[in-house]
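Each of the two complexes below includes subunit A, the first together with subunit B, the second together with subunit C.
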Partner chain A sequence: MNPVLDGWSIDGATAMHAWAIATAATVAAACALVGTLLVVRRMSLLGDALGHAVLPGIAVAVLAGGRPGSPFVFAAAVATGLLTVWLTRLVRSAGSLSDDAGTGVVFTTLFALGVVIVTAAASRVDLDPSCMLYGILELVPFDTVSIGDLEVPRGFISAAVVLGTLTTAAIATWKLQVFTAFDADAARAAGVPVAAVTGGLLAATALATVAGFEVVGAVLVVAMLVVPAAAAELLVRRLHHMVLVAVALAVVGTCLGYLAAWRWNASAAGMIAVVLGLEYVAAVVLAADDGLVARGLGRLRYAWRVLCEDRLAAVWRAEEKGTAATAPVSLVQRLAVGWLRLTGRFVGRAGGLALSSAGRREAEMVVRSHRLWEAWLGQHAQLPLDHLHPPAEWVEHHLGAAMRQRIEAEVGAAGDPHGSDIPPEA
Partner chain B sequence: MADAGSSAPPVVEFHDVTVAYSGRPVLWNVDLTITEPCLFGIIGPNGAGKSTLLKSGLGLVPLVHGTARFWGRPLADVRRRVGYVPQRETVDWDFPVSVMDVVLMGTYGRLGWFRRPGSRERSLARECLDRVGLIDVADRQIGRLSGGQQQRVFLARALAQEADIYFLDEPMAGVDARSQEQIFGVLAGLRSEGRLVVVVHHDLRTAATWFDRVALIDMRLVATGPTAEVLTPDNLRRTYAGQVDLLQEIGQAVAARSRTT
Partner chain C sequence: MSPTACLAAAPALTHNTLVVAAGVAAVGCAAGVVGSLSLLRKRPLIGDAAAHTTLVGVAAAFLLTGRRDLPTLLTGALVAAVAGLAALVLVRRFTRTRDDAATAIVIGVGFGLGIALLSGITARGLPGSAGLEQFLLGHTAALTVRDAVLLAVVSAVAVAVVLLGLKEATLVAFDADFAAATGWPVGLIDQVLVTLVAVMVVVGLPAAGAVLVTALVVIPPVAARQWTDRVPTLLVLGGTFGLVAAIVGVAVSAVVPRMPTGPLVVLAAATICIVSLLIAPRRGWLARRHQQVTLEPPPGMRRLR
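Take a look at the complex of A and B:
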């Protein structure tokens, strides 16, 4: 495949690359659009199944005289895709199999049938098995039709038609797709034609898969369907945002992947899928709420707050008892003390460390939370005295003023079970 | 079956309804008539077929035989006037939609295939959210709600359908006491507006005070009528320690036979 790529760059025929990129990006956008609904419906593997199962349809259509990439072959592939869905249901109910097993049985069998047909007929027709697996993106720009002065690749035209059709259908029926995906029973009860809506999604999946099949092949089309949508699900919380983010990730990933393949002289389809995978990893790391970075920062911030509050409370308790506070021992504790002095909550030097009025208020609220919780547990959970301290040590960092008020109301006048005073609310 | 002297068809009528899952009957020959709007409880033990009865009325499970009619007409004629609140666990609450999005779904049946919810639907949805006390969380992702709040979102969605009959499947299950009170308040409000509210419920203590009429179900109809008359020790014994073992075995035998022939 790659001699072709080399040839272009030597000739500097950038237009060829531009057409290939445009075609791949269009297909990727169509796949991401459909893939979003598949991912939220937990049907991602269906794309995998269809990507493989359309092979015999294409092979038979080509044997019957269709030219690869022609509308006839395209239609045959989509029809095979829908046949797959129907067969899957049949196998499932006939053999009382689970969903995924039924899908697995059907798509592997059909794919194998396709492989047999393609290899047996390889001498008679122009079908390259490896093109089926890895796609023919690099060859797309050479098969063109003239539109006015412009030589437009056939592959781009069919991709654009598919994307246009799917976008129109998605805009028109979006609300029904969402209702069915979220709660099929309620949708059916409300009169939504659930079977037709799901059938529409499956037909759309078949269309997108076949478009992707021609460009990136049977295996990697799954990446276009699933990966951008899965990454988008991590990044945003609303379905209509998710679909836009998925399409954007798919288009950007495709362009970057193609350029990288061009630069390092690798398979474009393979590189595109790798870049999409990297986008997913980036989403895992960077996602705003649940990303690794956000979670790590959240934990660090929490640990630091606990450290500071514990220092403040230690000094306050020492004052209450009239003893000297235990000096900070570890490095982080000393750092915390430094920070508290810098922010004006401690005054004086180490050794003679004292609370400022702001620091005192904060410390009192920590101690108040601690003792209120001990009191509540002692009264309402009937815990022995030695069981009270550890949970309070934990909970003291989490109670707001309103919560403390409620606990105080339930504890009443009883006070701290160890006999200390509970500081009043600030 | 209808009250003597009333000529109007009953609001809901299940006639000889039998339901089977993959050949195994789970609900036998239920005749159940609800003549007028009220708060109606369907009560019975786990696995009694309470939810199945509800779903059979809504066309969500196929009937082996029998009919379910509303105001004397088949469901297809009156679908939009029948609202449904499924069990909370039947959906994925991590689904990327907001509370408002879910409530708007209640208006979709009316909007048909292509029309989008507009300002009328939005203000209706806000009203419904207000009614269940969730207007403050309208823009929140549904997964960030408590169980009770999630149940109230479902209720608000059904309200947005502006139906005349409401079928609710275990709306009080796994819900905190405050949400329970709030949900019951909304249901009582629907009744006073002249709507019929049918609730699948498993808690006998609350059933006795909440419902005007009840049906006791245990794979077959045990008894139905005004709550105080139906919830007798004798009926409860027949519901909760009745002939179910026999019915289950017969069901299994039927299923085994239908598989081999």
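Take a look at the complex of A and C:
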């Protein structure tokens, strides 16, 4: 157990954990909400930069007498966040630098400044140097205020206020944000105050970052901002779906991460980031459209269709020539023949395969596609006769009825360049 | 104040302290040189993802070997840094996640895994686990002479590689399309550069820590860029600024108790950078202000592209 968690085996321990989870999940939801817009606007690294850069603001505000998590400290940190963006622009233009270089200079410098301030003052004030990096989620339930007869942690209240503010702001300005995110130039031309919309997003990022800073620390807040949103982007296509999925992933991941940290006695902030990462990996693998599994299955299905159609066409051609079809050679070809027999497209014994009427229709369409394509290539591509077969062997699996009709109309009565008949459309 | 005078101010100045300071200075210098190239290639933050995944390697190396000597831990860190970069490549190759989000994911999740492992090790109080957190923010006081020699040798090799491939790297940095068209293996040259940055990030860990080590490869080159439009001068200045920043950081952290080295090195580099942005001839703020007043066209405002 963590040193902190050790003392919890008394009554109310579960309530303590519940408050910690509720706080973390609230912060994660706020971060995922903002993070969605950051990800679609390609501003993900801004979240990383702000997470580092707000530290000196928080440190100075706490030194000046604010208590961590109070509105004063929040305001100071958000101001520092906006100052960071302004400083980055200043450094960038002063040094004629790229975006990355300016950001790299400013956020590392500010974070270093914050660490020095906190370390120098650690003995005097209520700021622990390590909480800059890990957050103090485990301590959140101990600092409470009474609301009615309920002891509510301050951290939860400020997280809930941040989430409420951001949700309200998001609902109020959603259309403007979406318009700006997808086409800033068109939005500007249409009279949208693009600078104000972007500034609002920056302020929202700073707010979410500060809320996250207390819970998971300076570095891991970027995981809460970006990872659920990036996973959601792989899972769904529409932006408002993406927000909802990102928030859901963030909340679930936070709860699981906290429980995993409890189980294996590790930093809650670290485990939450790890679980969010696993969710992203799961999205990469399982996404319905272009997840690895879906893409792999799609390729397999295609390879299988090609295999089956080639077997059908081989038997049809053998019948046409009056010879015996070449026997299936490889294992997969045998499997394909078995499948075609099972689905009623082949009849008869192995070795003496015959096409059923359904199989014949399918085979004729494959051969028809093949020979039409050879005819078209022969007329239009001026390829020698022996070069027509390979491309047709590939294209035969891809032509639909409408396309075959058009090609037939174009090649006219010329027929197959090798002299075979082209089967009519079914 | 000269570096030597700075060191002389430190208490308990021993042969050991001097050697360690020299090793860390070599790292700062090499990081400045390598960083100058990645600044020219317009990829200054390329090491950030690698830097944040190094913690996983440090923790895993300790868990697997039970040892905590610097070569073991840094080998683990290097493997993890390369794995982090590989993860970045895989995400780019197999998903439609964009580059910025991919980098942020590797930073966040890699660092989270590192923190989780480190906190797990600390909570279990494994023998010899004390001090692993020093890789978060940098701590040079515990380095031995052998460690310092290792850091210096790796740094020297990195600088040698840069010097050997300088012509090719410059060509790729200035016009990658032309380089590819004339038959240079642009991809390979870029990979070597990325590997060099990863190596510098790893040997920079004792000096600056995982969170801030990126600054070693970013800030000194940015400062150097203000003073010159020539690549060799840029490398020399970048290396010099990195060296000075590293020595100042080590010296100050030796004087101030409990202060991690990394932030001090970064602040020293940032001071050099701010001064450069203000007073550098032609590109500096003061010089440009003057030019605006006299309405003269800025003669030296050439941009490296």
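Going forward, the second predicted complex is superposed on the first by the 421 of 426 C-alpha atoms of A that agree within 3 Å, B and C clash if a C-alpha of one lies under 4 Å from a C-alpha of the other, contacts with A are read in each partner's own complex, and residues count from 1 in each chain.
Everything that follows uses one rule, which is that a contact is a pair of C-beta atoms (placed from the backbone, for glycine too) under 8 Å apart; a residue touches a chain by one contact, two chains touch by 3 or more.
Just so you know, these numbers come straight off a predicted model, no measurement behind them.
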Could you look at A:Ser330 and tell me whether it touches subunit B, subunit C, both or neither (first, second, both, neither)?
neither
For A:Lys175, is the partner it touches subunit B (first), subunit C (second), both, or none of the two (neither)?
first
Per the contact definition in the header, classify A:Ala189: touching subunit B only (first), subunit C only (second), both, or neither.
first
In the overlay, answer first, second, both or neither for which of subunit B and subunit C A:Gln382 touches.
neither
Give one of first, second, both or neither to describe whether A:Val219 is in contact with subunit B, with subunit C, with both, or with none.
second
Once chain A of both complexes is superposed, is A:Glu233 in touch with subunit B (first), subunit C (second), both, or neither?
both
A:Met271 contacts which: subunit B (first), subunit C (second), both, neither?
second
Please tell me which partner, subunit B or subunit C, touches more residues of subunit A.
C
Subunit A residues where the subunit B and subunit C footprints coincide 42, 96, 233
Touch list for subunit C against partner subunit A, complex
39, 42-45, 48, 52, 91, 94-98, 100-105, 107-109, 111-120, 123-124, 133, 136-137, 211-212, 214-215, 218-219, 222, 225-226, 256, 258-260, 262-264, 266-267, 270, 273, 277, 283, 285, 303
Which residues of subunit A touch subunit B in their complex?
40, 42, 96, 172-173, 175-176, 178-179, 181-183, 185-192, 233, 236-239, 241-242
Of all residues in subunit B, which touch subunit A in the complex?
22, 55, 58-60, 79-80, 82-86, 90-92, 95-98, 101-102, 104-106, 108-109, 111, 113-114, 116-117, 141, 157, 161, 167
Using the touch definition up top, name the residues of subunit A that touch subunit C in the complex.
1-3, 39, 42-45, 47-48, 52, 91, 94-98, 100-101, 103-105, 108-109, 111-113, 115-116, 119-120, 122, 130, 133-134, 218-220, 222-227, 229-230, 233-234, 261, 264-267, 269-274, 276-277, 280, 284, 290, 292
